[in-house]
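This is the structure, below, for whatever I ask next.
Here the chain labels run A, B, C and D in written order, and each chain numbers its own residues starting at 1.
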Amino acid sequence: MTRALSLALLLATAAAAQDVPQPGRWGAADQAGASNTQTPAKALQAARLIRTGRTYRLARPYEEAMPRFGTRSWTLTGTGGIAAGPIGDNKAVYNDDFLATQIGQVGTQIDALGHVGVLAGGEEVYYGGRKGSAVHGPAGLKALGVEHVGPFFTRGLLIDIEGYKDRVLPGGTEITVADLEGALRRQGIAPGSIGEGDVVIVHTGWGRYWQSDRARYLGPAPGIGLAAARWLAAKKVAIVGSDTIAVEVSPYPDPKLGMPVHVELIARNGIFLLEGVATEALARDRAWEFAFSYAPMAIVGATGAPGTALAIR
Amino acid sequence: MTRALSLALLLATAAAAQDVPQPGRWGAADQAGASNTQTPAKALQAARLIRTGRTYRLARPYEEAMPRFGTRSWTLTGTGGIAAGPIGDNKAVYNDDFLATQIGQVGTQIDALGHVGVLAGGEEVYYGGRKGSAVHGPAGLKALGVEHVGPFFTRGLLIDIEGYKDRVLPGGTEITVADLEGALRRQGIAPGSIGEGDVVIVHTGWGRYWQSDRARYLGPAPGIGLAAARWLAAKKVAIVGSDTIAVEVSPYPDPKLGMPVHVELIARNGIFLLEGVATEALARDRAWEFAFSYAPMAIVGATGAPGTALAIR
Amino acid sequence: MTRALSLALLLATAAAAQDVPQPGRWGAADQAGASNTQTPAKALQAARLIRTGRTYRLARPYEEAMPRFGTRSWTLTGTGGIAAGPIGDNKAVYNDDFLATQIGQVGTQIDALGHVGVLAGGEEVYYGGRKGSAVHGPAGLKALGVEHVGPFFTRGLLIDIEGYKDRVLPGGTEITVADLEGALRRQGIAPGSIGEGDVVIVHTGWGRYWQSDRARYLGPAPGIGLAAARWLAAKKVAIVGSDTIAVEVSPYPDPKLGMPVHVELIARNGIFLLEGVATEALARDRAWEFAFSYAPMAIVGATGAPGTALAIR
Amino acid sequence: MTRALSLALLLATAAAAQDVPQPGRWGAADQAGASNTQTPAKALQAARLIRTGRTYRLARPYEEAMPRFGTRSWTLTGTGGIAAGPIGDNKAVYNDDFLATQIGQVGTQIDALGHVGVLAGGEEVYYGGRKGSAVHGPAGLKALGVEHVGPFFTRGLLIDIEGYKDRVLPGGTEITVADLEGALRRQGIAPGSIGEGDVVIVHTGWGRYWQSDRARYLGPAPGIGLAAARWLAAKKVAIVGSDTIAVEVSPYPDPKLGMPVHVELIARNGIFLLEGVATEALARDRAWEFAFSYAPMAIVGATGAPGTALAIR
């Protein structure tokens, strides 16, 4: 082997190693990822952002009519007539219902750290360097499940790309670092003010297709690319959200890459994605900064949870 | 018919009519019930209660091992191996899961207004006087579903009955108005300070059986009775919660009555019940007063939702 | 009121009464319907039809890709990796799976007697005159569920309409009594030979769209009309099947009628429908007559069951 | 290395290799296993066994109350009120239901070839030598699913161990080859008459606990051991069934072995297990020999299917 060839091999190996998730700032045993940023100081900062008392639900209604990826299903069955009763002289009755769905991956939702990884050396590797065999289980995830995520009560920021661009970007358009910075400056927020533990939600306007045009909603969409993801990761945010199904631009401009923003934020940095966020009321009210409040449903072993977050300002 | 007899009949009819839910302070068309109390002023009041930045999850983990009423089931199935991938040169992979359960009635949960009613004149009557035929539907509730509930960002209060009594009350013990007042005074909170839109959570200590003794948890439990429920309803609270499965004392001391506290609060007053609340950390920290933050999962047509509330103080 | 008017009203009332299901030849308490025709004599007759030993599955594979009506879902989740193990020195392992679906109404399936009724006088009426309140239950049907259906081991007949017409009839084409008789005669079978307890399966050729064109499969389809249904009912057959989703012509030529063949056969005569039958191999082999063998999955309280029947000849 | 040691190692390796499933009489690509025994000659033999026309369902009703292993669930939800309607002037209505369950592993059921394997060299090995990675998939099994099983129309035999022993054997009792031979002789059937493609069902009497004592039913039970399994495998039967949950004796007398009869029959010989069979009517009627008719629900990718078989004699 020549020295030149062996150096090339070494570099390729190093690059590959860099791509594979490694133990990060919270160590190899960590399962909480960027939930670790949620300190009392952040909560007090969030409380100070509450000035009008106005609240905003960030999750859309959950129903069969919502756009769903691939063959994911949503079936809610009511008991139709009463489930039980009448009980007692007061003839009390009650109703029940039953839900069957890909609970962590439909509707507005957060991705847990065990949702995304990369295949390396014949086995998947997840956040913190955990191997697939240590993550997979028959009744859901054995590690990195959504029960380790949150709670969050912290500063939230809306970055209004639709307002900045004065239009909804076409599907497949990458939102760049310059876009994020430009939009923030338009909103009077210094990009440098984004700090550890903040929640950043990107409003693209794409949410208008949620119910009006489900096929379009699920198709090519605007979103952040790798550069913007790394810019946000460097700021140590806790969650990156958007009003699209994937947060990241889709399809990815470099066709050789599969979900690179998911991998970068979730698997390499422990930062959570909040997908399909209902952002329009925040954008309409120019609610750029708010307290972000969210305790994900702690479904033991699940790859995600419903995104029932609340913004208060 | 004698006059005496006809008067008795008249009174009995009047009493029955009083028992049947009627349109209340928000009118016959209302579906939000005590969610209507959630004003910006309440949110600002809640924000002012945040002094330490400490957060508390009020929902317990959701898993097969949790206590469940009757034949209710919880099955989370993971994809075990990867759901899809590797994708791209970066070999991204992802996992999914699937949940089948009585989503609105298992684990820590809130009851929607369509959960409980009474049979009157051959048909059920629900909150606001709605008839069963206007509420039932094959894919869940046509009206009074949980999608109309919340969000809540308001003053929360923990009433520590275990601390006040210095023990966990035996199953079947009714918590009275005097108990609530006595416990509040011990905590240095004036009972008269409970106001419209507040959330009141009763800590009994029963939550210790959640995992350690599921059969006991589901059996006879302490809880409030009708008098306490009416006392809370008169204060116009938004939610009444507890660390027991039913909030109300069980079995009910008057064996002729079926779930009377459910009927009184939900069906007659539009006040929500939050069941199976994780109260022990609040009690341990003497966190008697806090901001209560909660956006119930808006499952269209469901009789309840996971109780993923957050306390911040 | 004039006499003419009162007579018209009387006739209309009589007609309506005729339309509403009434107790029939097996009495008001019966829940088995045409299963009652399955006698040892029929089984012996069926056994004599087995001459080549060739078997045919009449149900198509059950999978997400199958055509489904409306919002019906099919989700099978595997444990992906092993569900449990290794166990013992021999390191045994096993896998599991989980299914969520409208079990009785997807894929090849049989309708139970509680599947279809008519609304009359403010309440539904089902087979034998049972009222809705006596049929509906929160955990499925309280009466007329599929657990009362079958088993069947009897003479089966394929009526090859595609062969008779030398083409697949267009969607919406009604198959008449003359069609059934003509097709039978072409097959060398005397229409008069159809007897009590026989199973009649109508091959239209529509099954070719099952996988190739699911939207077309679910759209307008050929099928029998009321006249043919009554002709079959008069012969006291046990089951009427077809390779279409509804057996009956769709949309029904008289737009004022809703699923009249379902109502006629199921609710008025207790005769079962077998829908989405895999008929092509029978038609290809000119397997006109066969032993029909079928024990429906006895799902207590279900409106139908998978149609896992077998033809042997 | 001494010759003695190397010989011992060689033998140990040979034994291990013998234990791991290998391609068998139908080759490495086979997915049908003992379904391959089902020939027209077997079907004709079965037809000749039908002498009285009496039919027997071999599957028990499917309901929440049935005994289930571990945390397996069964939830059937009806639409309660009508699912749709009234439709048309005839006011047709219909009902639906929804099922969520471990479909292939609850109630009377057949195991597919992908249900059981052994771990060898770090990966599972299944029937025919297939590796786990070639079998597992996120939406069920990629290979060896139950859609490849059956249909069966063949000679069925009941071996009445309860009758032979004149009692129900205690839990944990192994049924031996001598037991099977003795019971058959008592029934007047020559053990040597058991032939390729036959279905053998062992009646122990344990089925009486199915509903009366679910905990006992699921606990230690009598069943065949490895010797009996090999005796049956040598006769090339298609299915071995029993009225117990596991067919094999439980717990296994040799505590070092995990489900050895499952592994022997399914993974090494491609012979199917039919579990929880309703045998009491056959035993009562001394229905020792019958036509066994069964088309398993072809659930693509499932590890098993409901055992809706039929016996006709």
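By our rule, contacts are C-beta pairs under 8 Å (C-beta built on N, C-alpha and C of every residue); 3 or more make two chains touch, one makes a residue touch a chain.
Treat the numbers as computed from the prediction; the structure is a model and nothing was measured.
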Neighbour overlap between subunit C and subunit D returns A, B
Could the interface between the copies subunit A and subunit C be described as same, meaning over half of its residue numbers are common to both, or is it different? same
Where subunit A and subunit C are represented by their mean Cα positions, the distance between them in whole Å: 46
Centroid distance [mean C-alpha coordinates] between subunit C and subunit B, Å: 45
For subunit D, residues that touch 2 or more chains besides their own: 64, 71, 75, 77-83, 96-98, 100, 102, 136-139
Have a look at which chains touch which and call the overall pattern line, ring, star, complete or other. complete
Counting only contacts in the complex, subunit A reaches subunit B at residues 19, 38-44, 46-47, 50, 52-55, 57-64, 72, 76-78, 80-82, 85-105, 114-120, 124, 132, 135-141, 147, 150-151, 153, 252, 255-260, 262-263, 291, 293-304, 306, 308-310, 312
In the complex, subunit D touches subunit B at residues 64, 71, 73-75, 79-84, 96, 100, 102, 136-138
What does subunit C use to touch subunit B in their complex? 71, 75, 77-82, 97-98, 100, 139
